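Letters A, B, C and D mark the chains as written, and numbering starts fresh at 1 in each.
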Amino acid sequence: MNRQDPEGAIAEAAKAYSNWGRWGEDVLGTLNFLDEAKRREGAALVRRGASFSLSQSFDMNGPQQGWRRRTNPVHTMLDTGTDAALGNQGFPHGIGGADDMIAMPLQCSTQWDGLGHIFDHGRAWNRRDAARTVTSEGDLVTGIEHMAPYVAGRGVLLDVGRVVGSGNELPDGFTIAEEHLAATAEAQGVTIGRGDIVVVRTGRLTRARHKGWGDYAGGAAPGLSFTTAGWLHRTEIAAIATDTWGFEVRSNEFEGAFQPLHQVVIPNMGLLIGKMWDLDALAEDRARDAVYKFWLTAAPLPITGAVGSPVNPIAVK
Amino acid sequence: MNRQDPEGAIAEAAKAYSNWGRWGEDVLGTLNFLDEAKRREGAALVRRGASFSLSQSFDMNGPQQGWRRRTNPVHTMLDTGTDAALGNQGFPHGIGGADDMIAMPLQCSTQWDGLGHIFDHGRAWNRRDAARTVTSEGDLVTGIEHMAPYVAGRGVLLDVGRVVGSGNELPDGFTIAEEHLAATAEAQGVTIGRGDIVVVRTGRLTRARHKGWGDYAGGAAPGLSFTTAGWLHRTEIAAIATDTWGFEVRSNEFEGAFQPLHQVVIPNMGLLIGKMWDLDALAEDRARDAVYKFWLTAAPLPITGAVGSPVNPIAVK
Amino acid sequence: MNRQDPEGAIAEAAKAYSNWGRWGEDVLGTLNFLDEAKRREGAALVRRGASFSLSQSFDMNGPQQGWRRRTNPVHTMLDTGTDAALGNQGFPHGIGGADDMIAMPLQCSTQWDGLGHIFDHGRAWNRRDAARTVTSEGDLVTGIEHMAPYVAGRGVLLDVGRVVGSGNELPDGFTIAEEHLAATAEAQGVTIGRGDIVVVRTGRLTRARHKGWGDYAGGAAPGLSFTTAGWLHRTEIAAIATDTWGFEVRSNEFEGAFQPLHQVVIPNMGLLIGKMWDLDALAEDRARDAVYKFWLTAAPLPITGAVGSPVNPIAVK
Amino acid sequence: MNRQDPEGAIAEAAKAYSNWGRWGEDVLGTLNFLDEAKRREGAALVRRGASFSLSQSFDMNGPQQGWRRRTNPVHTMLDTGTDAALGNQGFPHGIGGADDMIAMPLQCSTQWDGLGHIFDHGRAWNRRDAARTVTSEGDLVTGIEHMAPYVAGRGVLLDVGRVVGSGNELPDGFTIAEEHLAATAEAQGVTIGRGDIVVVRTGRLTRARHKGWGDYAGGAAPGLSFTTAGWLHRTEIAAIATDTWGFEVRSNEFEGAFQPLHQVVIPNMGLLIGKMWDLDALAEDRARDAVYKFWLTAAPLPITGAVGSPVNPIAVK
């Protein structure tokens, strides 16, 4: 990794780890690695039947501060129990109802990044022209609705915060390298394989719980090193998610860069990335069974043309 | 069922099939029936590893026409590939990005009704005062976020449209009685049990696909009879969903009534109800394996205080 | 006007009636014609002191049907009198409050089109590059906020619907030519001059009141002829508004064209155009005083970077 | 004013300054004072023809921090010049277009408070039952749409910040009493009369411009004293607006109180109150002509059932 030439280093990694053309006229990227056999393998991991949500709450107490017009979700009521109780609704026989709505950026909280979320020099996933792929009408080709049925398989937790960190957390700016991923997997007795959905706990969200959001949404944070691009490519995982805003380490490893690992893995590798997942309840459950493998369903809402989706991932083990 | 006294009939059923107090200070209702054993049973149904989305698309081509301010989802872009390609974004090294947002009623498309969605004479689930439970700030007690980790278990499809209907569809106004549910289960070789998530296909959505939405959102439709309240209670299912707007038959069975079965099953029974699910792909797959039981994950977004949630239910078999 | 060559005819008119460069590095277009002397002239028209709103209501009963994601306004409550009365709000000493919000396309109802609303072959007003002027972040140069202080001056009503039409209305598809504008002005005893804000009543909104919206938002309607471009330029009016969706006649006069007069007058002439104004109350008042000139304030909301704005124009005479 | 008994003091003022029943079944409150004669008087004040916007910008750089779900406006594009330039829009003959939308609380920036915005012990304006007046469907009786045609008349600026303050600003917490209003009026050579729209500049917004928003939206600020209720009633002004978030002084004058002057003047007096107006450009213009009286149009958007409205007030002198 040549720190003196970020654009060159990015281009080199993009080329080395590209999956362009690997699956033809594709709209799924690495989700192609998650096949039926992998799902059978994942389902077999349900032993206790305990289920866990890996999602943060969606409300105005979230981390967003307005960058790129990313706000926290605004939930409002269209009808209420209050109105029902006072007989304001005009329904017969004593029935009353409440309705509600939400307005939110699809990147505001626990989410998947769609394949149309990041571009590299005007190219979207699979060498497509970004300008013809994601317009004001949305992602006309690789919208997240295409992934709707498929994001269910074998999940593996890598609790790097616990294994490598101190006090169950990695410090901000900590660069998670391949060796840390390997050490964590070994300590936990798991192996990562083709088609897996890997969830990496850094402890950054845990810290936000203790100390307040601060600049959780965009500030310094632990995260994957740019150098893990090869690992992400070689392992042929289907997807990866973290408990951080940015997935990769912040500040970024090249001076003046912005999310260089994204630039490699989304448009070039076609990797499905999750962010701001809440891995604490699942991680804490290890005290009970020391199990890090589970059945994971993390279904994006099929919002037509979306470049991302909020998600409530459910782990069952 | 006394058709001359709807309010009396509703009150009678509400009392007969009430689960108030059954689980103490409860916020989950019949989801309590879905336990870890049931999840183990459900996971064991994954044989092929094939997965299916049971969700409609979320976009402006949906069925809503504005009743009670229910609109279709409005998806808009905050940044686009177009702008990225033209270098409008100010990012370094050739990276570009797209962001987006959504504004939508939580009742606009494939959804779960939360326990705070319906009231009976000013009472919410578990005898709570509706006026103190669901205010302008949302459902302060039984918000759908409480269900976030749990909606994963054994799913059973009852394809009443195919078994009882003609041409794979039930006609509008068709009242699905207990006998039709039983006949369908028998024809399909399945039994419904405690903790199951039952999905009932009527064919109404299939018809909308052929003939246009028309008044799909609120108009005449097949659906469950008011008289199935006893079955819904007795079977101790965890949840039930249909491919219709209204779950129960429309027009309603009492003159002048509005969704009387809702009034019984949500606030009194605590039943989790799903609507506007798309069961066609799953149902069509029967031609391949004649299997109607599957592992089902239907995780609501944990929107704090919401009385409902959009959902992308994933069936795996 | 060569109907066989629409693109050529548009180009010819665009060139003939261009104001590019007329006011230097300009962000106001023809609003430059509305000077302080004109405001003094307008204010002197206040004789009775009677005031009129020229705005439609902003609510879900509007004409929009979803074209280009244009919906009707969605108004929702954040707090209500209902909750206040029940003591749900936690305020002291008996005070209670209600708050609300709105989500709406800026083109949904009574509006001004900003200078960034229409482009001609990739050119925005004053020869600017459309792709650098109006991005996903909005109109970076000619946002409607620049006009915020200035839209107040002399208004003149041309009630073409009454003078030229029958039964107070022009039929759908009626092409208002320069001669109709002249005949109306003469019949009303008014002259149009530099810096005026002209409001043209066709009766189309009146008809929608009687017969329902139908396809008010985009369908057939009376409106200005493409051939009025010269008149619009020569008169040096500051702005013009109609009671129709489209300002110009619909169907458009060239086969296969879409709003060709817009293409000439917004990006090339820099003309401020208003749409969907409600001119009926003002027009009906003529029975009392036969006055068609008035003081008009039609202040856009200074939404930063907006390409249009809802507006409540106030006429006082 | 008995500081030991806030609720008693509020009740006393509410009774003393009530206008309940004064105008029968009324929906306009003190706007009734603004008659045609007053409009003629106001129009006669247009001498130079110079116009001023008294509105802040509507964008995400505003003061809101989320209290009561009040966010800053979110402006998004539905179509852009970028897409037009790239030929993504499918329009003929080289025409392109941009559309946009906004989502915002009606209380987010420069605004009018409607009569349904505040209640006193469950009573809305004119003794109405708050619970029947402002429901989840909005203000069913006194919605701001009723005021749409009328808010145009004589405006008077009281620049208390300049006359009474130091460095052109009043300090936070400064209580503007009747004597300060009188001293300012006298220093400026103006008298306040029946039907006037009074705009009071404190300098609080000027300070926010220099020092950042801080807690402009709800924190300490200069403002009217509770004791000015009598003056507000006696002068029979039509409306009053300030350059602050809260109109009345913050912190409030009674311990534990919340906006007690609101509680008196909105539901009991029926006074139209404006907030967060930007009075700086108008105030600075005094250096040129020392004129504090002007024609003012401040037309709320006729949002059906709204308890407030954003507004771009236009002063012309």
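The rule is short, and it goes like this: contacts are C-beta pairs under 8 Å (C-beta built on N, C-alpha and C of every residue); 3 or more make two chains touch, one makes a residue touch a chain.
These numbers come from a predicted model, not from an experiment.
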Practice task
Spell out the chains that contact chain C while also contacting chain D.
Solution key: A, B
Problem - Interchain contact steps from chain B to chain D (minimum; 1 if touching) - result: 1
Handout entry: Listed pair (A-B, B-D or B-C) duplicating the C-D contact set, over half by residue number
Key = A-B
Fill in the blank from the handout: Cα centre of chain A to Cα centre of chain C, whole Å, reads 45
Problem - Between chain B and chain A, distance of the C-alpha-averaged centres to the nearest whole Å - result: 26
Problem - Multi-partner residues of chain A (each touching 2 or more other chains) - result: 69, 74, 76-80, 82-83, 85-86, 88, 101, 103, 131-132, 135-137
Completion exercise
chain D partner, complex, touching residues on chain C are 6-7, 10, 35-40, 42-44, 46-53, 55-59, 61, 68-70, 73, 75, 77-82, 84-86, 91-107, 116-122, 124, 129-139, 145, 148-152, 254, 256-260, 262-263, 281, 295, 297, 299-308, 310-314, 316
Practice task
Show which residues of chain A lie in contact with chain C when the two form their complex.
Solution key: 74, 76-78, 80, 82-83, 85-86, 88, 101, 103, 136
